[in-house]
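We call the chains A, B, C and D, going by the order they appear; numbering starts again at 1 in every chain.
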Amino acid sequence: MFGLGKKDLTLFLIVAVMALFAPFILNPFPTDSGMAQFNAGYPDLMQRFVIFGILAIGFNILFGLTGYLSFGHAAFLGVGSYAAVWMFKLLSMNVIPAILLSMIVSGLFAVVIGYVSLRRSGIYFSILTLAFAQMSYNLAYSVLTPITNGETGLQITLDDPRILGVSATADGGIPVTNLFGLEMRSFETLNIGPWAFQFSVGYYVAAIIMLISFYVAIRIFRSPFGMMLRAIKSNQNRLYYTGLNARPYTLAAFVISGMYAGLAGGLLACMDPLAGAERMQWTASGEVVLMTILGGAGTLIGPVLGAGFIKYFENIFSKINDQVVHAWVSFLPDGLENFVVAIIHPFVGKGWHLTLGLMFMLIVIFLPGGLVEGGQRISRRLRRKPAEDDAKSASTEPAE
Amino acid sequence: MDAIILQILNGLDKGSAYALIALGLTLIFGTLGVVNFAHGALFMIGAFCAVTLNRLLTLSHQVVDETRTDFLGNPLKVDVPYVQDIFGEVTGAAIIDWSVPLAILFSIPIMIGIGVIMERGLIKHFYKRPHADQILVTFGLAIVLQEIIKQIFGANPIPTPAPDVFRGSFDFGTMLGFDPNVIIYPYWRLVYFGFAAIIIGAVFAFLQFTTFGMVVRAGMADRETVGLLGINIDRRFTIMFGLAAAVAGLAGVMYAPINSPNYHMGMDFLVLSFVVVVVGGMGSLPGAVLAGFLLGILESFASMNEIKSILPGIDQIIIYLVAIIILLTRPRGLMGRKGVMED
Amino acid sequence: MGILEVKDVNKRFGGLKALSEVNLSVVENTVHAIIGPNGAGKSTLLNCLVGKLIPDTGSVMFDGQSVLGRKPFEINQMGISRVFQTPEIFGDLTVMENMMIPLFAKRDGVFRLHAIESVESERALRERAEQMLEDVNMLDKRHMHSASMSRGDKRRLEMAMCLVQEPRLLLLDEPTAGMARADTNNTIDLLKQIKASRDITMCIIEHDMHVVFSLADRITVLAQGTPLVEDVPEKIKGHPKVQEAYLGEHA
Amino acid sequence: MSKTTLTRRGVLRTGAVAGAGVALPTIFTASSARAFTNEPTGGSVTLGFNVPQTGPYADEGADELRAYELAVEHLNGGGDGGMLQTFSSKALEGSGILGKKVEYVTGDTQTKSDAARASAKSMIEKDGAIMITGGSSSGVAVAVQGLCQEAGVIFMAGLTHSNDTTGKDKKANGFRHFFNAYMSGAALAPVLANAYGKDRKAYHLTADYTWGWTQEESIKAATEALGWETVEAVKTPLAQTDFSSYIAPVLNSGADVLVLNHYGGNMVNSLTNAVQFGLREKQANGKNFEIVVPLFSRLMARGAGENIKGILGSTNWHWSLQDEGTKAFVKSFGTKYGFPPSQAAHTCYVQTLLYADAVQRAGSFDPCAVAEALEGYEFDGLGNGPTLYRAEDHQCFKDVLVVRGKENPTSEFDLLEVVEITPRGQVEYAADHPMFAGGALGSCNPGV
């Protein structure tokens, strides 16, 4: 079905079901319990999960397949966001033209950067992409402020000359991003007992686009083109002597991957019409790399898991303060309670970076293949298959 | 003319810092083949060695000064360092004043220790792993290290002054026949430049003239062959890692008076030092040093008003622009060898 | 007129004269061996044929067209395939995928963005790949991860990858270097079988005389960058100039 | 877990959502049932404290958070009440806001506009925060202010000094208590002219982003009006850590004053570098060479150590002020944490009180009602003397402090001494002043 193999189809359907039921899955704790802090099922974070998932899927097409490690991928994310916000400012608050323009602009950007950077390979390529992205970031923050609004980030204002649409709504507000009238920010809440589930229009738009992107990525992985990209990673020399030119293949992969990043950037702007220069900083590029490696580079689902993992820490762990920790352990005697809080304190709230750093190290030390390998190990245990068998099947289908 | 001389001086100084960090990074790349994202953190820890020693020397007991009050209106408690109790007021104050140079001695064993523990405990297990895994684990380590420093010392920069005698600046211009105050340069920065030159020289001499260095250089050129010769290259690599950590740490110690250390200074330098290493050419020590000074000087030139007025924002991007140009014209950087980190 | 014509080729590396006045003519549908002691310039010559090096002077014509200045992939598209000294295959891919890539290259040229169709759906190509694998007795290994195979199998796979493109000229760079006797004999058998079963021109660079005399129709002896003799194997065997060139080394 | 054990802290957490749970099981409660975004329905109300917890401003963020916790404590009737006793409005009684217990959630802005918005959105969407406050940079303030406008909650800005926050980027739902670059210039210039004379040549180093530019513009205008000449104004990259190549040419440029339009880490480094170059011991044009740091932050100044001694700058507030409000605040903050509060802590504390008071006076949490209560509101007793929240741009007008780095500090907190308290009248400007032109407040948005 859909031109996918059985395994791919299963994977796709699992992802689709998870994406569609995310508001339930991510909100497992009743809202009035102490654990509600760990709920991730609110629109903004769910949107971020799928949008950064798109970014990581796209990055993986380049890095996972060809092995070219771009350290400047965030530049495309940023350019995509700027393009989308300019579309909102100048044309219409409809998200479709914004998304299209963000993909086109980032694609063009990727052609230029890719054409130059792909003349080198290995770490030289990484540094070239890094240099381009840092230049973009530094200029966007300073000299290019008329286009990017610098430090603050490009926003929608009340005096935008919107061609199709109004500059301001009747009650003097700024119009809202929408899909043919369906507002991205609107949501419905479903209360079942002590649980509250939020269904956001923006999330579902982003989720459907993520599923399409994921589907396209699977097709690319299984296509002759995807195979060529893996061949490039494996042995470029042989490829040249087999009558194939690696350069256009890598450039195509780079551009596709850049357009994915642009799409993600455009979607970020659709959900929240602001484009900040920090989106292009090297730390943001590094984050994409980390997401992909953390989840499992070269695997289909890994990067999405990695993206979710990092965004979860960023948004959930950073919000846990001492007051919250006290609430969790309030059943303990006061002295012990303070002791436990003191232990947890360095790892949450302002210490969320510490936890994230530790998680990076633990995962890469104990799960060399990333989160996907963790999943594989668990399922292997469950199935109680001989380990050999799986090792073989895993190695024959490296792109799973 | 005077402006150019001035910026060359500035560039040499910036270049010293770049070159020192890049040197250690290249040692690790070249010998161990490891992409060490935690190298910036080692530089930062070096700077905090200076802070720590300063703190240790100023460990104090409090004496109540009845004549003054604190912000809540209570009698003011004045800190009296133990060092002054032991060595007397004047000598004690002098020791505190010289805490940064003293921290050089203090930091060497600490940095070597940290380097060796890092290599034995963590990096060793990643020699055969893909570069991507190395990046992830060392990046994780860098975050952990800087968060630990943040928990201890806070996020704000901590002033760590140089000894009093190095305050102020030296007037080069008068030596060269310019007017006074045209070409001035802080004493401490001269010290830093000299110090960097000594360290770089020492590392090169060590690699050039000792058997140990010869083995390591051979290992950098062809690791497998050296291994086949029955030489225990692993132990030497551990020592090399310790050495690289010490070089980064010393760069940090001496840098503390130039810019007050803060917990994220390592990350600020990390990207730049990678650019320097790659522009110099992977695995080339002279390349790293050369690139460090080159980029430092170019960065200084780019900050001149005359150049900025022609090319606005050039100082924002100069390093990256130069890196791109060099990598496009010289595929393996200034002095890189073929086949190192190209896949 | 041979299918491959090398005329007056010179190549210097700094002060070192690697090739001087090399002339070579390879006749269609024959096996032509190039032998010579170490440093005779065999590999340099081969690299000039496939576009990796460009000669300083002279011409290299394949089927009437110059190959000079063309990139390796363009030369492959002209119908020249190359087998390397150490087998160059796509180690991360399965044997079947290794076979599919040259077929795509043959059908679609140096680049085509077919990113949405699946490899699975290319029936005709798959059948040809399977046929070729059967010819080299590797069909049962088609799902194997190619990096995990023995060196002999890798060599076979590499040859299959070259042959499946139906090249008009197959260049082999010391195909048995570093092989055990048994593997060497297998390779000779394989090459004999190839030679017998299809119209193909082969140009072998080889060190091992056993291989050369089992296969070659004509032999060129290269020494110090210049061809010494060119003749049929029987005549080469006792040739004084050849013995002189190999003196103390091989004989 | 916390439901059965109703300890002190347990109650604190449960209240927020109790209201939502009562109406079970309503399927698809239309969110429009509420009159405005996150209308508190239970016995408590949630405020969102969005401060930098990682990155270079983490310490400033931590101090802001301390102030917020103190404010919440005071609003709920705990502690000694702090400024509630000195505040001119007596609407607040220490029983929460409108009888609802005040709770809070915290988040990390990372000093990035993107992350700050994500954090604020999570507070609004997940935690039901009715008001967002905090931040330590203008970029973040403007970005979060924009978000709050769209989401329909009130934004009480933390530390933000750019003219734009209440200038071209002003929003109906956003309010700033902190002073701005224009006020810095207006307060500082006369003091500078007094101390260093009217015949001075200034050399500006300016952080190359929006805040830096507005500050440079403001200081230039104010000093030039008093007769100073601007020799050169050089932009420095934000990421710059070593300013030597920017400072080295200063002495030879003919200037005799260096103005550092830098903040935070930039300020610490550029000032340290300038002192290293010995600029302060030099003479130029026959006068002593001087350095000016227009926006001083005591917390950040600590990083520059001895280098700040004798240097003039402006600040929003300082703990050594002797008015009753300041004394009360410093006392309760100092007693709780053991050291005096920073200006960031002060503005955040005051903003929380002002918000709570406005709700109390309006009798509703409705953002539009709150905004109306704040607009044009005159108050006193919160430090800085009598203060006005101007209706036209939601900027507070109050006294501004000119400070100098102290020569003989008694502790690491005692770094600045107040040179002059510039009266409000001197720093006021018209709402349509060209430096604040462009943009419009728009209309208040109650959300939903």
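Following the convention adopted for this analysis, contacts are C-beta pairs under 8 Å (C-beta built on N, C-alpha and C of every residue); 3 or more make two chains touch, one makes a residue touch a chain.
Nothing here was measured: the structure is a model prediction, and the numbers come from that model.
K.L.:
What is the graph distance from chain B to chain C, where chains are linked when they touch?
P.N.:
Minimal hop count between chain B and chain C: 2.
K.L.:
Which chains make contact with chain A and with chain C at once?
P.N.:
none
K.L.:
In terms of CA centroid distance, which chain is the most far removed from chain A?
P.N.:
When every chain centre is compared against chain A, the largest gap points to C.
K.L.:
Count the C-beta contact pairs for A-B and for A-D, then tell me which is higher.
P.N.:
Per the contact counts, A-D leads.
K.L.:
Can you work out the whole-Å distance between the CA centroids of chain C and chain D?
P.N.:
So the centroids are 74 Å from each other.
K.L.:
Provide the C-alpha centroid distance between chain B and chain D, rounded to the nearest whole angstrom.
P.N.:
Taking the average C-alpha coordinate of chain B and of chain D, the gap between them is 35 Å.
K.L.:
Report, in whole Å, the distance between the mean C-alpha point of chain A and the mean C-alpha point of chain D.
P.N.:
33
K.L.:
If I count partner chains per residue in chain D, which residues reach a count of at least 2?
P.N.:
Answer for chain D, listing residues that touch two or more other chains: 58, 62, 208, 235, 237, 239.
K.L.:
Find every residue in chain C that makes contact with two or more other chains and list them.
P.N.:
Counting only residues that touch two or more other chains, chain C contributes none.
K.L.:
Any chance you could list the residues of chain A touching two or more other chains?
P.N.:
138, 141-143, 353
K.L.:
Could you classify the connectivity of these chains, where an edge means two chains touch, as line, ring, star, complete or other?
P.N.:
Topology of touching chains reads as other, fitting no named class.
K.L.:
Go through the chains and record each pair that touches.
P.N.:
By the stated definition, chains touch in these pairs: A-B, A-C, A-D, B-D.
K.L.:
Flag every residue of chain A that touches chain C in the complex, lowest number first.
P.N.:
Result: residues 3, 5, 216, 219-220, 222-228, 230-231, 233-235, 237-245, 248-249, 252, 256, 395-396, 398 of chain A touch chain C.
K.L.:
Could you pull out which chain A residues touch chain D in their complex?
P.N.:
31-36, 39, 42-45, 48, 138, 141-143, 145, 149-153, 155-159, 168, 171-174, 176, 185, 187-194, 196, 198, 272, 274, 276, 278-279, 314-315, 318-319, 321, 323-324, 326-328, 330-331, 349-350, 352-353
K.L.:
In the complex of these two chains, what residues of chain B are touching chain A?
P.N.:
Chain B residues touching chain A: 35, 122, 125, 129, 131-133, 135-137, 139-144, 146-148, 151, 267, 271, 274-275, 278-279, 282, 312-313, 316-317, 320-321, 323-324, 327-328, 331-333, 341-343.
K.L.:
Which residues of chain A touch chain B once you look at their complex with the stated criterion?
P.N.:
Its residues touching chain B are 63, 67, 69, 116, 119-124, 127-128, 130-132, 134-135, 138-139, 141-143, 282-283, 286, 289-290, 293-294, 297, 346, 351, 353-354, 356-361, 363-365, 368.
K.L.:
Mind pulling up the chain B residues that touch chain D in the complex?
P.N.:
2-3, 6-7, 9-11, 13-14, 17, 68, 70-72, 76, 78, 150, 154-161, 167-169, 181-182, 184-186, 188-189, 257-260, 262, 264-265, 268-269, 299-300, 303-305, 308, 313, 315-316
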